[in-house]
Amino acid sequence: MSHEHERLVIIRHAPYSSNALREGLDVALVAAAFGQTVSLLFLGQGVLALLKEQAAGAPGQKATLPTIDMLEMYDIDQLLVPQSALDALNLQAAQLVDGATVVADDTLPELVQRHSYVMNF
Amino acid sequence: MSHEHERLVIIRHAPYSSNALREGLDVALVAAAFGQTVSLLFLGQGVLALLKEQAAGAPGQKATLPTIDMLEMYDIDQLLVPQSALDALNLQAAQLVDGATVVADDTLPELVQRHSYVMNF
Amino acid sequence: MLHVLNKPPHSEAAAQMLSTVAEGDGILLIEDAVQALLHADWQGWDAAADVSVCVLKEDAASRGLSGAALNSQAILVDMEGFVELTEQHTKILSWY
Amino acid sequence: MLHVLNKPPHSEAAAQMLSTVAEGDGILLIEDAVQALLHADWQGWDAAADVSVCVLKEDAASRGLSGAALNSQAILVDMEGFVELTEQHTKILSWY
Amino acid sequence: MEYGLLVMGAPYTSAAPHSALRFAKAVISRGHQVAGVFFYQEGIHNASSLMTPPQDELNMRDAWIALHHGHGVTLDVCIAAALRRGVMSEAEAKRHGQAHFNLDAPFELTGLGQLLTLQQRCDRLITFA
Amino acid sequence: MEYGLLVMGAPYTSAAPHSALRFAKAVISRGHQVAGVFFYQEGIHNASSLMTPPQDELNMRDAWIALHHGHGVTLDVCIAAALRRGVMSEAEAKRHGQAHFNLDAPFELTGLGQLLTLQQRCDRLITFA
């Protein structure tokens, strides 16, 4: 199977503390709306965006969890998390939203290589 | 001796990659111009601001080394660097501008405590 | 002195903060720093004998870490508690 | 793939980059990443057998690290060399 | 007690303005005064009258203005930091030959000396960055 | 070859615009084309017509405009990112009831789709952030 027009968006920022997470997700959503196949890879602090127990933001700060929940509607169903990223935060896969998939760290180089478009946020 | 109106400005950002370094130095200069006694403490990446071999910035980026060299004219002669910050960058004291003083790490809590105004940049 | 940290517990800012904490100081964790709740072994929890470490409750909740807070020795405070801490300490130093 | 790093060698961004580097990739260090010249033991220097690590010369010079570059196995490139690297690699991934 | 706030983060980039605003309200609700807020570094963007967030999000500038009108909090913006980042008052716009501007009252462009004055005047100064 | 640039750092806050500009010039001097620059996140501040750095410093917006006039480089700015941060064109200002604006030609407000188009059209896309 060719991955000619597949896009990988790498999310590395936590919710609330910057707009990087949200604006990265926006790129993923727009690409999906344009018919591209989009996968998301969550590294480092980005993994925190997948915590399912996130409450609504403090007054005035928009939450990103609703956007994460919306990804499936856009056919973005690959939400990949390396095992080491979970471990570094002492998190268990069960604490993440449904749809998050834990992947082995040694698959990352191949994962990044096989997408024609890769962007870091 | 009272340190009632002494100010400590902590510099933690490297040259060129943000304006944090320069705008932190500006606060130190203005405080000195207002007659306050000002000391500078360089932590982490901030130590790089003291490297004496810095060349002029790439086109369009203003260098901060001339500002460092100017501090003495404002009677800011305490440029303090903890030994561990030097070690973390594999630097020697001889690579720093004249006037930089290496201090032992265990003096930091007392240093921070004894100034009435302490600000991080 | 009250130290207010808003970066993750293993950040450079956190390490810098810990290198300056003195006996009798207080530490308050806000924004990304509330992640310390996930790290029972974080150095900051025992920064010094009489240094209390507080965590801003609403920032822990919005980040999905309220559950982690239950299992921690952290003192949870709300925004009024934050202000109370600044009443108790005459100097406040933010690490970001 | 060419990886372009602009954060210090011991940053999270650097570690994330190294976790994705594949055989045949290239690494270019710019801005704060040129500090890797100070760290002979930085993991990135041996990221993989056939991965070359280049350093942007003018960023090293402006940061006072030209001397460190002399003692390093790094390949120094200027801006034209930067462009050349992007000619050789069809994909470019920036880590910041 | 009197509090002064130093805000160095931009809205929609940093959580700092949000934390600062919530802190200011809590200070007031505990019976203290917020004498002033000084905006420096990226914080100067809080003063932009052109900031137009989506309707379901807080307009940070409006929130600061409400704090000013409700509680007399001064809103000072470092002029040097603001000018280089593209935030200026009508007076500065005239001085620099610009037809447009994006800062007006109750925000005031001022020098860094104002920050030192705020710090000396207040019982507490706290930074949000 | 054709190059596209994605710039996500603000002048005077990040080295990204400076590195991007120097890269763009080197691309051109090696005989390639820079098709366009897309400004996103904090990068949108590069387009501000009110940016007023001290005289001894580069005005980043002017530098981008020179690149546009000299080499036909398009300068696209993400409209959603720009509006929430206070950068808007005259047309957007009218739509939002603002008397002032701080973005004009050759900078263009556009959607994120333009970034994807740039990426597909170009042989190389490189991010400076």
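We call the chains A, B, C, D, E and F, going by the order they appear; numbering starts again at 1 in every chain.
The rule is short, and it goes like this: a contact is a pair of C-beta atoms (placed from the backbone, for glycine too) under 8 Å apart; a residue touches a chain by one contact, two chains touch by 3 or more.
Keep in mind it's a predicted model, so treat the numbers as computed, not measured.
Shared contact partners of chain D and chain F are A, B.
With centres computed as the average of Cα coordinates, no chain lies farther from chain B than A.
This structure's chain pair with the greatest number of C-beta contacts is E-F.
Work out the mean CA point of chain B and of chain E, and you get 26 Å between them. Here the CA centre of chain A is 39 Å from the CA centre of chain B. Distance between chain A and chain E, defined via averaged C-alpha coordinates, is recorded as 34 Å. With touch defined as above, residues shared between interfaces to two or more other chains in chain A number as follows: 16-17, 19, 45, 58, 61, 119-120. Multi-chain contact residues of chain F (touching two or more other chains): 12-13, 15, 19, 22, 41, 57, 84, 125, 127, 129.
Among all residues of chain D, those that touch two or more other chains are 6, 31, 58-59, 94, 96. Contact between chains, as defined at the top, is found for A-C, A-D, A-E, A-F, B-C, B-D, B-E, B-F, C-E, D-F, E-F. Partner chain C is touched in their complex by these residues of chain B: 12, 43-45, 82, 84, 105, 108-113, 116, 118-120.
Contacts from chain F toward chain B in the complex involve residues 12-15, 18-19, 21-22, 56-58, 60, 63.
Every residue of chain D that touches chain B in the complex is listed here, in rising order: 6, 8, 31-32, 35, 38-40, 58-59, 61-67.
Those residues of chain E lying in contact with chain F across their complex are 10-13, 41-42, 45, 48-54, 57, 83-88, 92-93, 96, 98, 100-102. Residues 14-17, 45, 48, 51-58, 61, 63, 89-91, 95 of chain B touch chain D in their complex.
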